[in-house]
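What follows is chain A paired twice: with chain B in the first complex and chain C in the second.
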Partner chain A sequence: MKFDSTTYTFTDKGNAGKIGLIVGMIGLAVSLVGLFVDAGQFYFSWLVAFAFWISIGLGGLFMTMVHHLTSAVWSVAVRRIGEAVMNALPWMTLLAIPLLFGLDKLFIWTDTDHVAADAILSMKVGYLNVPFFIVRTVIYFAVWALLAFLLKRNSLAQDKEWTEERARKFVVISGPGMIAFALTATFFCFDWIMSLQPLWYSTIYGLWFFAGGITTVMAFYAIVVLRLRSNNVLSETITVEHQHDIGKLLFAFLVFWGYMHLSQYLLIWYANLPEETAFYKDRWGAGWTTMSWILMIGGFVMPFILLMGRSAKRSDASLMTFAVWMFVVHWVDLYWNIMPVFHTETVVLSWMDLTTLVGMGGIFVWLFWMKFTNHPAVPITDPKLDASIKMVN
Partner chain B sequence: MSATTSTSTSATVQKWKPPKLVLGNPSFHDVTDQISGIVERRDTPIWWWVALGISVSMAGAFFIQMAWLFWTGVGIWGNNVPVGWGWPIVNFVFWVGIGHAGTLISAVLFLLRQKWRTSINRFAEAMTIFAVICAGIFPGIHVGRIWVAYWMFPIPNQMAMWPNFRSALMWDVFAVGTYFTASLLFWYTGLVPDWATLRDRAKGWPKKIYGFLALGWRSGNSQWKHYEAAYLLLAGIATPLVLSVHSVVSTDFATSMVFGWHTTIFPPYFVAGAIFSGFGMVMTLGILARLVYPPVKNYITVKTLELMAKVIMLTGMMVGYAYSMEMFIAWYSGNGYEQFVFLNRAFGPYAWAYWIMVSCNVIIPQLFWFKKLRTSIPVLFVASIFVNIGMWFERFVIVLTLHRDFLPSSWDMFKPTAFDIGFLVGSFGLFFTLFLLFLRFVPMVAMAEVKGVMPEADPHHESYHHATEKEA
Partner chain C sequence: MAANEAVAGTAHAPVVHGALAQFKDPADLMHAAEKMRDAGFKKWDTHSPFPIHGMDGAMGEKRSKLPWVVAFFAFVGFAGALTLQWWTSAEAYPLVLSGKPLFSHVAFFPITFAFAVLFSVLSTVIGLTFFIKQAYHHPVFFSDNFDRASDDGFFISVEAKDPQFDAQKTQDFLRSIGGTNIELLEEK
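Here is the complex of A and B:
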C-alpha cells in the first residue's frame, strides 16, 4: 500500500480489499452449503453474523453524526474511518436477503397455528406478522442508507471546497438523523433479536444493542488506526493522542454496555417474574452457564480492570489486543442473546457460525477499504484538521 | 472516484481557532477582581437580603413543619392506602435528580475536555451539594420514627438488627452517601486555589479564615502537579456516580413488582431525566446570577447557555425515548396490567399530570432546535422553569401509579395536604438559603480554572490580550 501524504490519497490501495473480497466470497459460498446441511443452523448463524456486522455499521453512522453534532475537534483526523464504516452499512443490509427466506425457521411467531393457540401471541399479531415485519425492515434500511448517502455526499462536496453552509448541513442532517437512528436501531433490535422469543420483552433491549455496536466500532477504529500506522500511513496525522481517545471511548462504551446488561439482569432477577426470568433461565444451564461467565468476566470485568490505565490505551500492542478481544466479546454477546432460541439445551458451536461471521467480515472489510481509499483519508478542507492533528490529551 | 486529484491540498486549509470562552477580553487580574469582588464587597446588596429573608423564612417553616411531623407522625401528609408513597418520595427523587447536572458538568464534561464547563462548574457543583442535602432530608423524616433514623445505616448494635442489604432503600443510603461525599471533596478540591486567592487579597480576620480554608496553598509547582492529578482522579471517581446514583434511585421503583415501575429501562431513563432536570436548574440559577452580577456575563456567556440548552434538548429527547419505549413495550408485552397502567397514566384521572410531564419534558425542549430561541435569555429562562416543573411531575406521575392498584376496591385518589405543599416549598427555601450564602461567601466562578482555559494560558500564546483588540 502506498500513500501520498501531501494530498492524503492512496496511490496504491494494497491487498486489504482484495483479500477481504476473496475471503468474503469463499466464506459466504461455503456458508450457503450449510443451508442444505442444516437450514435452521444456517439461518441462526447467519442472523448472529448479520447482527454483528450491522451493529458495527450502525456504530459508524452514530460516530459520524455525533462528531458533527458536538463540533468535535479531536475526531476530525479519524472522521473518514467512521464515514467509511457508515458507507459500508447500506450494502451490508443486503445480506438480510437470505434471512427473509428463513423467517419461518427463525421466528416462532410466523407459525400461525402456534400463534392462534397462544392468547398473548395472538394479541401481538398486529405487530408481529411477516408483511409488516418486512416493511419495517425496509424502512430501517432505507433510513440508514439515506443518512449515509446524505452525509457522504456532503463530505465529498466539502473536499472540493469548505463552506460554512456545508459545515452547517452536516449538523442539519445529523440532528434529525440521530432521532431516526435511535428509533430505527431500537426497533431493528426489537424485530430481529427480541422477537425471537416473542413472549419476552425488555424496554432496555434497544439500548443494549446500540451499546454493543458502539463499543465494537471503537474497537474497529483502533484496529484500523493501528494497522494504518504499522503500514506507515497517516502516522503523522492520526497520532497516539487519537489512539488514546479511541481507547477512552472504547472503555467508556464498554462500561455503558456492561451497565445495560446489569440494569436488565438486576431488575429481572429481583422481580423474579416468570415471563421475564425465562430469558435468563434459557441462558443458564449446561454450556450456556460457561458462556454467561465468559460474557461477564471476559466481556466486562477483565477489560474493565486492564483497560483502565493510560498505558493500556497508548501501547499499540495492548490496544490491539483489547480491540480484537472486544470483537470476540461482541460476538459472544450476540450469540448468547440469539442462539439459545435454537440450541436450547447447550452451546453447540457450528462451522457455520465461523463461516458466516468471517464471510460477512470479509465483505465488510472489502467495502470499508474501498470506501476509505477512494477519497482522501482525512477531510482535507476541514479547518479543524490542523487542530485535530496537533491535539494532545 | 477520481475527483480527489483536483481537490485542494492541506495548504489551503483555513485556520481554525478555538472559540473564545471568556468575553470582554479581561486579563488574569481582571478575572480575579471581577469574581473576588462579588465576595469581597462590604455593602451587601439589598436584593440579597430580601431574597435571603424570604428563603430563610421558607426554610424556617420547613423545620417547624418537621418538628410537627415528628410530634404527630406521617399522618399529616396525604400518604395513604393505596398511595403509600406520596410527595416526600417525589421530592426526594426530584432533588437527587437536580444534583446530577453538577456532577456531569464538573466530572464528565471535564473528562470530555469541554472547556466551556469551567465557568459554570463551581456553582453547578454547589447546587449539587445543596440539592443532595435537600434530598437527604426526605427519607430521613419519612421513616416516621425519627429517633430510629439511624436504623437506615448498617451500624452494629446489641439487638443484632441489620437493614436488609437486598433492599433498594438500603442501596439508596450508600449511593446518596457516596455521592454527597465525593461531590463535596471534588468541589472543595477545586476551591482550594481560589480560597488562596481570596486569602492573598484579604486583610485582617477574613485573611485568617480564607487562609484556614486554603489548606496552605502556595501555588507552588509541585502543589499544582498534585492538584491536577487529584482533580483528574476525583473526576474519574465522580463520573460513575453520575450514572450509579440515579440508577439506584430508580431501583426503588423498578425492583418492585408494581406494573409501570418494574421495567428494565428505568436506570438509564432516570439518569437521563436527572441530567435533564439538573441542567434546567443550572440554567435557571445561571441566568439569575447573570442578572444580579453583571460581570458574570463575561463567563456564563450566551454561548455557554446555548450549549446547555443543547444538552437539555438531548436529554429531554432521551426521556422522551424512554416514555415511548415504556408505552410500546406495555402494549407489546401483552400484559393487561402493564397496559392498564400506561393507559391510566395518559387518559386516567391523572392524565393532566401526565400531559404536563410530556409537554414540559419532551415538547418544550424542541424549541431549542432554533438558534434564535436557544440564544434568547427570556426563552431559556422560561423553558428552564418548565423543565423543572416537568421533572417534578414526572416523579409525581410515577409515584401516583399506585392510585389504581391490582384491587379496584382499594382505588383512591391522592389528596395532598397543606403539609405536603409546605414541605416542598420549605425544601426550596432551604435550597435557596444555602445557595444565596454560597453566592455571597464563595467565589461562584472557578477563577483558577477559567484562567486555565483563557488564551493567555497557552504556552504558545503571544500577548493575545492586546492582539485581539485589533482583530475585533
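Here is the complex of A and C:
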C-alpha cells in the first residue's frame, strides 16, 4: 500500500481488502455447504460468528459517539478507524438473513407445542414470537444504520470545511444516539442470545455483550494501528502515545467485562434460584468445565496481570499479542454463552465454527478497509488534530 | 536541623543552599530543563503552577518505583483478606449459611477486592510520602520571588548539594540557558 502523508490519502490501497473479500467469500461459501451437512450446527456456528462481528461493529459505533460526546482530543488521530468499523456495521447486519431461515433450529420458543405445554413460556408469547422478533431486529439494525449514516455524512462534510455547526452536530447526533445504542444493543443481545434459553434471564446480559464488543474493538484498533505503522502509514500521526491509550482502554474494558461476568455470577450464586442457576449448571458439566476455566483464567486473570504494566501496552509485539488474544477470548466467551444450548453435554468443535468466523471476518476486513481507505485516514480539518498528534501520556 | 548547625558553624557569611532562576513560559522551562539534564546536574528541580506534559522526560527522570510497591501491597491485601475470611468462616467458627460451602470464595470476593484496593491506596500514600521525603523543606522557600511558582512563575532550582554546584558558575549557567531573576538561595 502507498500513502500520501501530506493529504492523508491512500494512493494505493494494497491487498488487505482483496484478500479479505476472497477469504470471506470462500469462508461463507464453504460454511453454506454445512447447511446440508448439519443444519443445527450451521445455524449455531453462524450465530456465534455473527454475534462476534456485530459486537465489534457496535464497538466502533460506541467509540465514535463517545469520542464526540467527551470532546476527546487524543482520539482524533484514530477517529477514522472507529468510523470505518461503524460504517461496516450496517452491511454486516445483512449476514443475519440466513439466520432468519433457521429460527426454528435456534430458538425453542418458536416451537408452539413446546410453548403451549410450558406455563411460563406461554406467558412470554406476547414478546417471544417470530413476527415481533423480526420487527424488533429490523428496528435495531435500522437504528444502527441511521446513526452510522448520520455520523459518516457529517464527518465527510466536515472534511471539506470545518464549521462550528458541524462540530456541534456530532454531539447532537451522539447524545440521543447513545441512548438508542444502549437500548438496541441490550435488546439485540436479549433477543438473539438470551432468548436461546427462554426461561433464563439476567438483566446485566446486555452489558456483558456490550463490554465484550468494546474490548474487542479496542483490540481491533490496536491491530490496525500496529499494522499501519509496520507499513509506515500514519506512523508520524498515530504515535506510540495513541497506542498506549488504546492499550489502556483495552485494559479498562477488559476489567469492565470481567466485572460484568462476576456481577452476573455473584448474584445468581447468592440467590440460588433454580431458573437462574440452570445457566451455570449447563456450563459446569463434564464437557464445559474446561472452557469455563479457560474463560476465567485466560480471559481475565492472565491478561489482567500481564497487561497492567506500561511497557506491555507500549511494546508493539506485546500489544499485538494481547490484541489477538482478546479476539480469541471474545470468541470463547460467545461460544461459551451460546453453544451449550446446542451441544448440551460437552464442547464439540466443528469446522463450521471456523469457516463462519473467518468468512465473516474476511467480509468485515474487506468492508473496513474499503471504508477506511476511501477517505482521508484522519479528519483533516479537525482543529484538535494537531493537539492529538502531539499528545503525550 | 542541618541548616541551623551550618549557620552556627559560620556565624557571619550567609549559608548558600542553592540557586534559583525564573523562566518565561512552559516551553522555555522545558528547553532549559533539557539543558540542565544534559549538563549533568543531579540535585535540581523544576517548579511550575501546573503539571507540564513531558517534563519528566526533559528532566531525565527515571520511572518511579512506586507502582511496584503498590502492586506488592495490593497482593498482600488480597491474600490477607482471603486468609482472614477463610480462618473466621471455615476454621474458627464454621457455620453453614444459606446452604453455601464454608469456604465460599465467591462471597468472599468483594471483600477480598476491597482489601486489595485499600492496601493499594494506603501503600500509595505512605510510599509516596517515603519517596518524596526530601521535599518537606526545600531551599526555594528562602526566595521571595518563588511565591509566583503557584501563580505565573516557572522556575529551576539547583541545590548546593549538587556535586557540580558552584555559586558563581551555576548562576552563569542558569543565565546562559535563558533564566532571569537569578538569585542565590541564602538563609536569612
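Here is the rule we go by: the second predicted complex is superposed on the first by the 393 of 393 C-alpha atoms of A that agree within 3 Å, B and C clash if a C-alpha of one lies under 4 Å from a C-alpha of the other, contacts with A are read in each partner's own complex, and residues count from 1 in each chain.
Going forward, contacts are C-beta pairs under 8 Å (C-beta built on N, C-alpha and C of every residue); 3 or more make two chains touch, one makes a residue touch a chain.
Because the structure is a prediction, the values reported are computed rather than measured.
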Of the two partner chains, chain B (first) and chain C (second), which one does A:Ala317 touch, if any: first, second, both, or neither? neither
Which partner does A:Ile97 reach: the first (chain B), the second (chain C), both, or neither? neither
After lining up the shared chain so the two structures overlap, which partner does A:Val392 touch, if you call chain B first and chain C second: first, second, both or neither? second
Contacts for A:Pro376 in the overlay, against chain B (first) and chain C (second): which applies, first, second, both or neither? first
Taking the superposition on A as described, I'd like to know which of chain B and chain C A:Leu266 touches: first, second, both or neither. both
By residue count, is chain A touched more by chain B or by chain C? B
Chain A residues contacting chain B in one complex and chain C in the other 266, 270
Which of the residues in chain A come into contact with chain C in the complex? 262, 265-266, 269-270, 272, 308-310, 392
Please output the residues of chain B touching chain A within their complex, sorted ascending. 1, 3-10, 12-16, 18, 111, 113, 240, 243, 247, 251, 254-257, 262-268, 317, 321-322, 325-326, 329, 332-335, 369
Residues of chain C that touch chain A when the two form their complex: 53-54, 63, 67, 71, 98-99, 106-107, 109-110
In their shared complex, chain B is touched by residues of chain A numbered 6-9, 73-74, 120-121, 123-124, 127, 156, 159-162, 175, 179, 182-183, 186, 190, 199, 201-207, 248, 255, 259-260, 263-264, 266-268, 270-271, 273, 275, 374-376, 380-387
